[in-house]
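Got a structure for you, questions after.
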Amino acid sequence: MTSLPQDTARARFKLGEDDKPIVMSAAFILVILAVGTVYTLYTQGTATLLSPEYLLQQLQVGAFLGIVAAGMMLVILLGHIDLSIPWTIAAGAMMATTVGGPMAIPVGLGVGLLVGLVNGLGVAYLRIPSMIFTLGVNAVMRGLMVAHTGGFAPQTAATDLMQYLAVGKILGIPVALMVWAAVSIIVMLLLQRTAVGKSIYAIGNKEAAAYLAGVPTRWVIVAAFCLCGMLAGLSGTLLAGYSTKAYQGMGDAYLLPAIAAVVIGGTHILGGRGRYLGTLIGVILIVLLNSVLSIMQMPESGRQVIYGSVIIVMLLVYGRGQKVTS
Amino acid sequence: MSTSPSEPAQAHVQLTGVTKRYGGVTALDNVDFACELGSVHAVLGENGAGKSTLIKIMSGVVQPDEGEIRLDGTPTSFSHPAAANAQGIVCIFQELSLLPDLSVADNISIAEPPRRFGLIDRKAQRRRAEDLLARIGCEDVNPMARVRDLPLSRRQMVEIAKALAKDPSVLILDEATSALTSADVDTVFGILRRLREDGISILTISHRMHEIEAIADKCSVFRNGRHIETFAQGARSEGEIVQMMIGREITAHFPPKPPPPEATKPMLQLEKYSWEGKLKSIDLTVGAGEIVGLGGLDGQGQKELLLGLFGVLKGTSGTITVQGKEVTIASPQDAKAAGVDLALIPEDRKTEGLMLPMSIADNLTIASLNRLSRGLFVDQDALTAAVEDGIQRMQIKVGSSSDPVSTLSGGNQQKVVIAKWLMTDPKIILLNDPTRGIDVGTKQEIYRLLRSLAEAGASVIYYSTDYEELIGCCDRVAVMYDGEIVRELKGDEINERNIIASALKMDEAAE
Amino acid sequence: MSDLRVRLSQNAALLTAIAIFILFYVFYNMNHPRGFSVAVLIQNSNEVFTLAMVAMAQTVPVLMGGLDLSVGAIMTLVNTIASHLLNGSPAQMAFGMGVSLAAGAACGFVNGCIVVYGRIQPIIATLATGAIFLGLALFLRPSPGGNVDDDLSWAATNDLYEIAATYGYAQDGEATWFQPIAWIPVPLVLLVLVVVFIWLPFSRSVTGRTVYAVGSGEGAAYMSGLPIDRAKIAAFTLGGFFAGIGGLYLTLQTSSGNADIPQAGAYTLNSIAAVVIGGTSLLGGVGTAIGSVFGALILRTISFNFRIFEIDPLMQPLFEGVVLLAAVSLGAFRVLRVKNTLELFR
Amino acid sequence: AVGAPNKVSGPGFDPGCFAPWNDEIGYFQWEKREGPHKIAIVNGFVGNTWRIQMIQTAKAYAAQPDIAAQIEEFKVVSTGTDVAAQLGAIEDFINQGYDAIVTIAVSPEGFDRVIRLADRNDVVLVPFDNVLDTDKVMQVNKDQLEMGRMYGRWLLEQLGDKTEGKILEVRGLPGNSVDRDRNIGFHEVMDASGGNWDIVEVVGNWDDGTAQKVTADAIAVHSQFDGVVVQGGTTGAVRAMLDAGHPMVPLAGEAENGFRKILAEQADNGLKAISIGQSPGMVSVAMKAALAALDGQVMPQLISIPIPATRYDELEAGKNFWPDLTDNFFTVNEFPACGVNITAREIMTNDAENLE
């Protein structure tokens, strides 16, 4: 939640309720790294997980999820959800590669924005629950993309710029990581320093009250969905750059981890509260967890169990939700 | 443990040394309190005095940190409301506890539904609802209707029916009459008197003195979580009671009205303003510096008029002229835009006025963020200053402005709602029953504030269910009946007799 | 008379769903190359049953104001469990069915406990438990397979006649009294049984009504002294049980178990769509599992029609998506009727 | 049961095209009936390139004049990854009176009921690609176990004298029979070699992005492998190796155009790889088999399709890969032995339309 400057100053020395998830998940990241390192020390005799190369590589891969999660967080803060992420990512990537050339990235972002706009209009103006409307939009996007790929032979190769943004490095730092950082700064500023950001929290808490306070609630909802869609489109374009091409189903692996990252980061799934820093750390947690499980050659069954358990345990540790007594 | 012998009189429920803290706030501080069978016991106190907390403890909603509860001398503790209900303690809470999606009949029998073969017997449940509704004079309510579809006053009556269905030995009403029309209040009081004769103990909380005078046998005054005094009704004058409640003496109830102004320039003009058959061709002019009251029975379209003006209703017709310019108001944004400058203090602060879990500061500034922004960003210094100013101006009792607004008492929450709108410098202020559930002291502050706003040139439209307020506060009162303004009262015409007469459409008789 | 009107208006969404289903289904049958036949009915009911169960499973938590993202996973887990147990002597098979259903209910119970005692939002708690259930399912069936009694699976997926013929009831199904009902598909009978003997009693029990009450307003339900915790746990447990019936039936239908993650996800998402199309509010409090059954029927009937009409196979997903979006958008008409914007925010 | 195909003995019809899986395979014969026939394809999942290429090939094949003459009605439906829906669709087509139904099974089990119904109603059911674990139905597939073995044999051949080392195996979709069989075949060969192989398995889901990510992870941790096997998503896996600066080591992968493009470039840098394809064009063989069965021919129960393997030194631009086309399709599409000559190029550049 937002607070006044003098209060933030005070909060710096006090662990507020919203800081707890952040500290906890940061601590858990260390646990994951420790466990993974013990494993690699035992099997390889090296502590590769602690090397800057490994960590940077993870952050680079994490950037795709991180960008999606940033958008998802905006929507979740509103008390909504965007289930159209998978095919928004794929559509962004596919249209970017289809168009190619200098327009590739703008088109990728534009497609995401357009999907977000449809989602936003459906949720804000038709007032269909986002859970179900975005689900329908996801199905439509999938249909469009199947028709698109089947209909004629689209170019699917990523442009050089897309590849550079996804895998390039400046002074050893992956460009993708910088893109993620830029997105993070924008989202953080948006949430903490702008009227739109405060309105997002207000709507997430009590839409009727925000509406009666003259907040342009519909507009804010549409804007948040647009941003979420656009970030998914951006992630899709980067992802296409990373794999040098777009392919069907490329977004499937991002929906649930994005929601999980947002929630592990302390954002309330019903909206209204949560800090962006938490989402950031949640993403890193999920990426490292996946990587370490993969390194440890955990079979799929074990992974699923661990994945689910981690979410539950983290949320239990954060402190249980409020009981309804008043 | 209390060492004093339990009172010889039939102290049915007795609290000894009860303390309840919410974080740093001590809501109840070492309270001794008892209520007897066969009497109506009123609990008085300003907002935040701990009245609701007291009854929440008695009815098992919250548990005391210290102290004990005795029921007929036996120590008991209630871990949840059902446990208290089982002992005959039934409470009608300040926040309604009806289930809006269930039918009236379902709601009335929610706790102990009649059953057949272990399943709920819907026919029997319906008959029971019909009986109870008839008993409280609400035959017009269809037991099959969803509660959501009822107006607030009917819901309140259903709530009372629901409490009666539990056959209480102690019936607690926490401001249960605050949303009722005076006719309904009379019905309810009739029922309460009968219950008293049946030997039931009744505990009631109300901020309306005249109601307490009408019904109570005994009064207890609370202040700052402490039980100040219990006395027989009538043993103390109103002034003494008020002094006990707020710790100081109050002189006049309402600020003095200025002399009727000479034809001020009109701030707001409505012509043939209509909506969906609930507002019928309303013509109304409100001048600058004028406080216009909306009177009439509850549910005659007063609320719709305010909501319509504020852009919430779709499909309104007629013209609205603000400061000489005709405007269309299609949303609250339009309403608060420059040149229109409306503000609405909504009916229900919990769901329409506040984002409860958010901070006081966030709630105060939400309506004026656009003013506080410089370029894309919110100006943090301006924001801090605005928050401090708002808290000062309305004298809001806060610990820190970053605390959730939900931690404030009802009255202070209402002040936050008002302060939020004052920050936008409104020219026309619409108030929808703003003193509901507000203590006398705060009420007075609000009256004074309205008057000073009017004196500064703003217009106020004030809807209240309390005639006294209309009489004491307003320069003019428009009485509504079935979506129409049936009469406008000015100056000395504003009196209870005229308001009631017009509200019941007995104009001729009143002349 | 006015009572009837109240009742109709309160059930408008359910009635709409029924009407849409009838429309689609009649259309399908009228265009079917061989017209309506019992074989078609059997096939249709087989295809619908599991989704209908999962949709019912979703309904209970939704009525309570939560969402269960693990229904597909529970169905899958029960499917893998049952695929190990549905063979041997009749007693062994009965035991296997019992264990499977109990497992479904147990999964739901776990969900309920996490939600109630862990106080984690249902949507996120079940997202997590769903992963765990799928992990267990993968553990039980790392690759698809199973050994299900042939007769049992055949009998359960045909008409009543086949049951009688397989197990020698009613003179091998030839008894005269039996003929009028012999053609009824078994899954249809099961569906009616589940609705009449489990759903309806539940919805009229105190616990069931508490589920509605919690969905309508949890604070108010608590103040009214209702057994909230019990109702929540019961809602998830019943949901798990329904999903378990679905999983068990899927096992009979496919004679195998398959820990298929995308399939579990598809069932969960379809169940939500079915619930919404069936007129249950995602906010809780309003709706009925019967509506969800019709929601599932509508979803399935849409794809039935694909098999009748000439639609470019690569356009089918688009068509399907558009129809789904349109179906879930039906509720938007409410918005047009609402004249008081505040009513939109509940 | 009624109408089931007769179990007969071989040899079967056109063995050049419909090769029996092995010597123990039985033969089926349906009663000959007059064409033209009604044929349906019941696909499961549709959201990947392989499936789209498959559907396009099926449409193109059905449109070829000699085939079109034998088909009265041709319908393709995709049911998604839901067994119940797929079973329902098959049963529905049986009820609609279709003569043959070609399908890619969502699950290798669970088709007993529709097989029974198909037999009762004299419908020829032909699963291909993801086949069923049963011998009661005529099926068309490549030998996935053999494909796994080919991976192993290739690596061992390329590793030459080495008898120990670390091998990366990028697997496919967990729980899928193809993934299972390829993995078993691969391990079988590696174990039999007697070498001391440390096989690191990661899950790549057959898609490029996932394969790329898990490969990058594995390289980050294990720093170097002596050989790599990729079931699918080969382009991604190789790209991860390139990104990480991993030396080019012997590799066995799928037949994606993208992979072959890289292979053509990197062969000189030591990327000694074999590209083994699961061809979407298989659908035409399955359709042809269905038509032959309806024509009353003797058909093997399990039809084996040759596994087209292309070595790094056999690559030829414009013939078995296309540098100017997208990465995203499967290069092997035609089966000359069966008279199926629709090339991947034709499908992917929409030349297919010209075939009509």
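Points to keep in mind about this one:
A, B, C and D label the chains in the order they appear, each numbered from 1.
Simple rule for what comes next: a residue touches a chain if its C-beta (ideal position, glycine included) is under 8 Å from a C-beta of that chain, and two chains touch if they have at least 3 such contacts.
As the structure is a prediction and not an experimental result, all values here were calculated from the model.
Of all chains in the assembly, those touching chain C and also chain D are A. The chain with its Cα centre farthest from the Cα centre of chain A is B.
The chain pair with more C-beta contacts between its two chains, of B-C and A-C, is A-C. A straight line joining the Cα centres of chain B and chain C is 45 Å long.
Remark: chain B and chain D have CA centroids separated by 72 Å (rounded to whole angstrom). Chain centres here are Cα means. That of chain A falls 31 Å from that of chain C.
Inter-chain centre distance (chain A to chain D, centres taken as mean C-alpha positions): 35 Å. Along chain A, residues 142, 146, 150, 208, 211-212, 299-300, 325-326 each make contact with two or more other chains.
Among all residues of chain C, those that touch two or more other chains are 138, 142, 219, 222, 259, 261, 314, 316-317, 341-342, 346. The set of chain D residues that touch two or more partner chains comprises 46-47, 52, 55-56, 174-175.
According to the touch criterion at the top of this document, the contacting chain pairs are A-B, A-C, A-D, B-C, C-D.
Considering their complex, residues 1-7, 11, 189, 193-195, 198-199, 201-202, 205-206, 208-216, 272-273, 325-326 of chain A touch chain B.
Here chain B touches chain C in the complex through residues 61, 80-85, 91, 93, 95-102, 106, 110-111, 113, 115, 118-120, 122, 142, 144-146, 148, 162, 275-276, 304, 307, 312-315, 331, 352, going by the rule given at the top.
Interface residues of chain D, counted against chain C in their complex, comprise 40-41, 43, 45-47, 52, 55-56, 59, 75-85, 87-89, 91-93, 95-97, 106-113, 116, 133, 174-177, 180. Interface of chain A with chain C (complex): residues 83, 122, 125-129, 131-133, 135-144, 146-147, 150-151, 207-208, 211-212, 256, 259-260, 263, 268-270, 299-309, 311-312, 315-316, 320-326.
Touching chain A in their complex are the following residues of chain D: 46-49, 52, 55-56, 174-175, 200-203, 205, 207-210, 212-214, 216-218, 220-223, 235-236, 239, 243, 258, 325-328, 348-350.
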